[in-house]
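Common to both upcoming complexes is chain A, partnered first by chain B, then by chain C.
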Partner chain A sequence: MEYRDELYIDVKPEEFRSKCLELHKKLSSPVMMYFAVDERTEKKSFAVYCAFLDWADKRWVFVKMQLPEGQTRFESISKDVFSAALFEREMKEMFGLEPGGNPDLRRLHLHDEVWPEGFYPLRKDFIPPERAQRSDGAYRFKKVEGEGIFEVPVGPVHAGIIGPGHFRFSAAGEPVISLEARLGFTHRGVEKLFEKMPSAGSDDAVSFSERVSGDSAFAYSTAYCRGIEKIYGLRVPERAQYIRAIFLELERIYNHTNDIGGIAVDVGFTFPNAFASIMKENTLALNEKISGSRYLKGVNEVGGVSRDFGGSERKALLDHLDGISKDFRELKAILGSSISFMDRVDKTGILKKKTAVDLGIVGLAARASGIPMDLRKTFPGVYAEANFNLIREEDGDVLARLNVRLREFEESVRLIREFIRIMAPGDISAASKIEPKPGCGIGYAEGWRGPVLFWIKTDASGRIERCKIVDPSFHNWQGLCFAVLGNIIPDFPLCNKSFDLSYPGNDL
Partner chain B sequence: MKPAFILTQILLLVAVSPLVSGIIRKIKNNIRMRKGAGIFQPYYNLAKLFGKEEVVSDTTSWIFRAAPFVILASSVCALSLVPVFAATLSFSNMGDFLAIIFILALGRFFIALAGLDAGSAFGGMGSSREMFISTFAEPVALLSVFAVSLNAGSTNLAAVSAPVGLRLSSIIAAISLFIVTIAETSRIPVDNQETHLELTMIHEAMVLEYSGKSLALIELASHIKQILFFSLIAAVVIPWGDFALKMTVIIITVSLIEVSVAKMRLFRAVDLLSFAFVISIMAVIVSAAGY
Partner chain C sequence: MKNIIKNRILKGIADIPIGRDAKEAEKLGEELKARILKRFGRSFHIREVDTGSCNGCESEIIATTNPIYDIQRFGIDFVASPRHADALLVTGPVSKNMALALRRTYDAMPEPKFVITLGDCALDSGAFKDSYYVAGGVKEVLPVDMHIPGCPPNPLTIIKSLLAFLDT
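The block that comes next holds the complex of A and B.
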């Protein structure tokens, strides 16, 4: 099970920490994935994997340790590598593995108010608790004390139609001095549900992956399919790769349009939002026309894509790109020429590069803070044929994140035109050759928000043993909490929108 | 006979006040390429709210229950002092324009207390922001009307609104009073009536805890306060020209501003109101100079 883009380093538990620190430093990569696998049936113990991204050699580096039999404690790395912290909390609640030395082991998704002690859902011998029950512990928020400091609790129920999340502000007057996000309200047990799928290569499994985080349906199904294809040794026909790239860019286009409008409406600037809404709706209508689904569901299948791209679709897409580019130029001009709008977004919610690096911020938010990180650049595939340009801004404020979106929109339009020009007729799927194989591998795609990662382990019968998903939001929620500091409370919704993170992707 | 006319005028204005909000919403939506709700929507909303059950938090005191009545009473009372359709059509011998500002301040005081009363985080933030904004808005309102009362030589609004022809100072005062009107009616760029974002709200944050009939009273009071400020500009500050025409111009201007600029950062709103303050002083000077 060796792939060109993956490297596994087996280490003894006592060397795990030092190896991780070494790789973190050498590759200057944050912890991209960090998860446990219950291997007690085969190997009598748990295994822990920690994944880094090697930009130079263009591969994923996994450090793997097999814990001794019966042991559930291992040495924490999060004191030295901050981007590992949340993953360790997750392992603690999902597997009951104790990262020794981690000062913060509060629950993430299984809230103390409803989930009793001693139930670890991702263990293989897990039996769900009969009813909701309080655990012994209580969730403690960070506390800031002092004269004139007050706490503002917001959510999880909000006034608008948005996902549920609880935000605890500590403010001195209007400026925020601490913000803590408590999420996990949309935890559905996605990783466990994948293990119950009868077949990893089935359309049902792909269709389920599309529903992990709705606004990134295509990125998710692409990442999932790539993982399975890798394990099963399927070669995806080139035409299918182009079609996937086109839809991935269409997903980026509609989401970026939505966010550009969203940023405007969050500062009360409703006209550009109305304009952007029309653009988004047109793109969704186009999606339905050429793929049968407004949110690009049902296109991907393991081995390729299920729908070819005929002459009429091609024409509809090209016409749409012409129309939307014209609208886009107008939208950009409206925003750029509005002093009141620019005043709100400029220098608001700055996420410094150093902070972003330490937190392991990924994707769009990382690129806006000056980190040149994009899986389309590291693992280009067909993107290399279209001369993909990585978009990066330096300032890390709301304006930078807006500019990344504006420029990526233009780049996406250009890429789709290139793809259409280059792609040759041919097969679109290798689905007929599916043969279940045991193995493990990482599937990935650069969604509009950032890298969507699936680490999948299958068994010989074609079932999924373990499926670890990492959404960019999982890293980036922390970035938002730091970006807000020093800004006034009424600017939080704007900062939040400029990140536009996913609740379901984070909560799984 | 005169009190009967005045009462008719007040009732008419109260009845029409939601319509003004409805028209502004309709214009805004049409500019934004949307169909929008009908201009009578605010009436339907009020009717709906009056028919709804009310939820009151256990932690509130009598202030929370009393506030909607005080707020509505204060705006109707203030409205009765404004001569709208004719210079004599008001109870202006009972109080001059200073009384209007103070009566409105009473309503504001109660709504801010009510915001604090429920003990929710948003109410407190809303009250603190409302007082912060009004600290800057009230002096501007006073100075603007001072300028025009200098023209008339009296602070009595009946005297002020007697047609004396258009003066430069009136126009300048109208501009500064218009900025105050935007702040007082919680409109962009100071506040945003349409937002669902609790953290950015000013006026809406204070009344988040209200529901049913109480909310209906508060909403009606907001409509009345809006028509009061519009009439103050149209009938008193610029006592010249056709009233309906002036109102139309004000309504369209407000709608245009709402869709064409972003809301200001909270502390930036002070800059705008300070600007209005400078203009109002200018109006006083110009008026003192005899223009």
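The block that comes next holds the complex of A and C.
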């Protein structure tokens, strides 16, 4: 099976590393996905895929190797490509594959405190342990030692209404010397649960994809549907593509408003937050009005969308955009005119471009550090008709991430207006033509945080054999850990909010 | 800034689509306040813990504190420490990684204490049933006093349910 936007390069295990390094350099792309598939029933061994993004030719390049029968060890690429490191740790705990030469193989999601050795959930012959049990190893945090250095452990339960994660700061006096995030607390076994779905094309599977990361429900269902549509060879009607783009931008609008307010409240400036939360609430109410769900659930289906966009929805949306644009101008003026606010966000939490490139930072945070990366630009689809502008800032600090949000908000409003103007009446779904086919492919969408990626492999009966999900947060949590260095601990919430990363999307 | 505040006072803040809800919230809230006064003295403090939710529930809980619903004016507050809390509000299926943290948060609360679960996942782990890494609904770990259904429940449902809870 060949797709225009995917290229698979089969290599022998001994050539895998050099091929990956070559592509990493040539395409100047971080590792976007890197995962294993248990193919022991058909081919008697594991396969490993590593995906890069080829900006110039607008396609995903996968390097694939089939390990020899019975072998679970392969050569690590993390020492040369840092953005591969977390993926290798994940393969180790989920499949029991050993990336030889990787110095850090601590577990990510399956915590040592509750999960014994030798149980690899994503293997096909996995049987869960009968009871909770510790593993022999213990998670070791990196240690900073020296006179006057102290550690501040925070979490997993935080003070706010927010997801769980453990942060360990090492500080000497005020500035942070090292921050390590230990995540995985909301691990629910999402990828394995996808394999249990009776049918990949069903509404159940789509609605499950909406429940992986609640604030990106629409980006997730879009990415999932696109993956399945590609494998099944379904042509999504143009009108459905426009409707998807409109909702994707609405999701961006409500989340960006939320974060703009959040950044203000984290420096103790509560008024703009109250203001922004009204804007968010109004957008959620609008979502409910035009889609039936405050979080845009139930709109997507494999083949298109389940609800058309009629005259009354159109009017409600346009009226809302007028209202919210006015509010937005006020919000922007409030923030911009407060010197103490600007002083706090300017030059705080800088993520340098070089660091961002090395870590493989994606999405909004990458654009704030000067990396022109946006799937809406690389794979425009209907965005090309609306002349999409990529928003980029150079400084990589909290202010830059705030500015990217402010400018993207305006761009999203403009895009929606354009989409409404251009889109023509027509079909909205090809769902009636669903016919299960075996195959594999990548589905993607530029959510508000960044690219949401689904790599899916289906079998002939319509079930999912493997579903690998990569949330932008998986790359970007590391960015946060570097951005706070040298800042004072009280500025951590501010830096954190400026990234606003997902716990459930990262932990899966 | 002066201009903005003046504008807001003159124009009001509630937008058209939620005007109806805001009024309902007001009405419910007054009842809520009366009951809190009767049963808890002055206020009812909640500590929220996410044990594996998708953050949809968190978003709606936060929405109850926005100026439109503003649950705080009725005497309900979300507090930073379990030591200050009357009730624990739990969202999400219980991931194995969070079972201990949940238990410890509960143990840190002073008596009398209540546990409220919010969202379909917290009841019986919802869409994540049968996962190898989910310890089940919250009731497998803690005694639960009330459940607020929905995926996620909207802010008005949350306010109404809390009202019903304080009624019992």
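Throughout what follows, the second predicted complex is superposed on the first by the 508 of 508 C-alpha atoms of A that agree within 3 Å, B and C clash if a C-alpha of one lies under 4 Å from a C-alpha of the other, contacts with A are read in each partner's own complex, and residues count from 1 in each chain.
The rule we apply is simple: contacts are C-beta pairs under 8 Å (C-beta built on N, C-alpha and C of every residue); 3 or more make two chains touch, one makes a residue touch a chain.
Remember, it's a predicted structure, so these values are computed and weren't measured experimentally.
**Student:** Of the two partners chain B and chain C, which one touches more residues belonging to chain A?
**Tutor:** C
**Student:** Who does A:189 touch here: chain B (first), chain C (second), both, or neither?
**Tutor:** Only chain C; A:189 stays clear of chain B.
**Student:** Looking at the overlay, what does A:323 touch: chain B (first), chain C (second), both, or neither?
**Tutor:** Second partner only, chain C.
**Student:** Touch test for A:199: chain B only (first), chain C only (second), both, or neither?
**Tutor:** Touch status of A:199: no partner.
**Student:** A:343 contacts which: chain B (first), chain C (second), both, neither?
**Tutor:** After superposition on chain A, A:343 lies in contact with chain B alone.
**Student:** Taking the superposition on A as described, I'd like to know which of chain B and chain C A:156 touches: first, second, both or neither.
**Tutor:** The second partner, chain C, only.
**Student:** After superposition on the shared chain, which partner residues are touched by A:267: those of chain B (first), chain C (second), both, or neither?
**Tutor:** Touch partner of A:267: chain B, not chain C.
**Student:** Between chain B (first) and chain C (second), which does A:278 come into contact with in this model arrangement: first, second, both, or neither?
**Tutor:** In the superposition, A:278 touches chain B and chain C alike.
**Student:** Would you check which partner chain A:215 touches, where first means chain B only, second means chain C only, and both and neither mean what they say?
**Tutor:** second
**Student:** Under the contact rule defined above, give the chain A residues that sit at the interface with chain B and also at the interface with chain C.
**Tutor:** 159-160, 271, 274-275, 278
**Student:** Can you tell me which positions in chain C touch chain A when the two form their complex?
**Tutor:** That would be residues 1, 4, 7, 13, 15, 17-18, 21, 48-63, 66-68, 78, 80-81, 92-93, 95-101, 105, 121, 126-128, 130-135, 151-152, 154 of chain C.
**Student:** So in the complex, the part of chain B that touches chain A is made up of which residues?
**Tutor:** 28, 31-34, 121, 124-125, 188-189, 192, 194-200, 258-268
**Student:** Which stretch or stretches of chain A touch chain C in the complex?
**Tutor:** These residues of chain A touch chain C: 109-111, 113-115, 121, 126, 128, 132, 156-157, 159-164, 184-190, 192-193, 196, 207-208, 211-215, 217, 258, 271, 274-275, 277-278, 280-282, 284-286, 289, 294-295, 297, 316, 320, 323, 330, 333-334, 337, 502-504, 507.
**Student:** Could you please specify the touching residues of chain A with respect to chain B in the complex?
**Tutor:** Residue positions touching the partner: 150-154, 158-160, 174, 264, 266-271, 274-275, 278, 338, 340-341, 343-344, 488-493.
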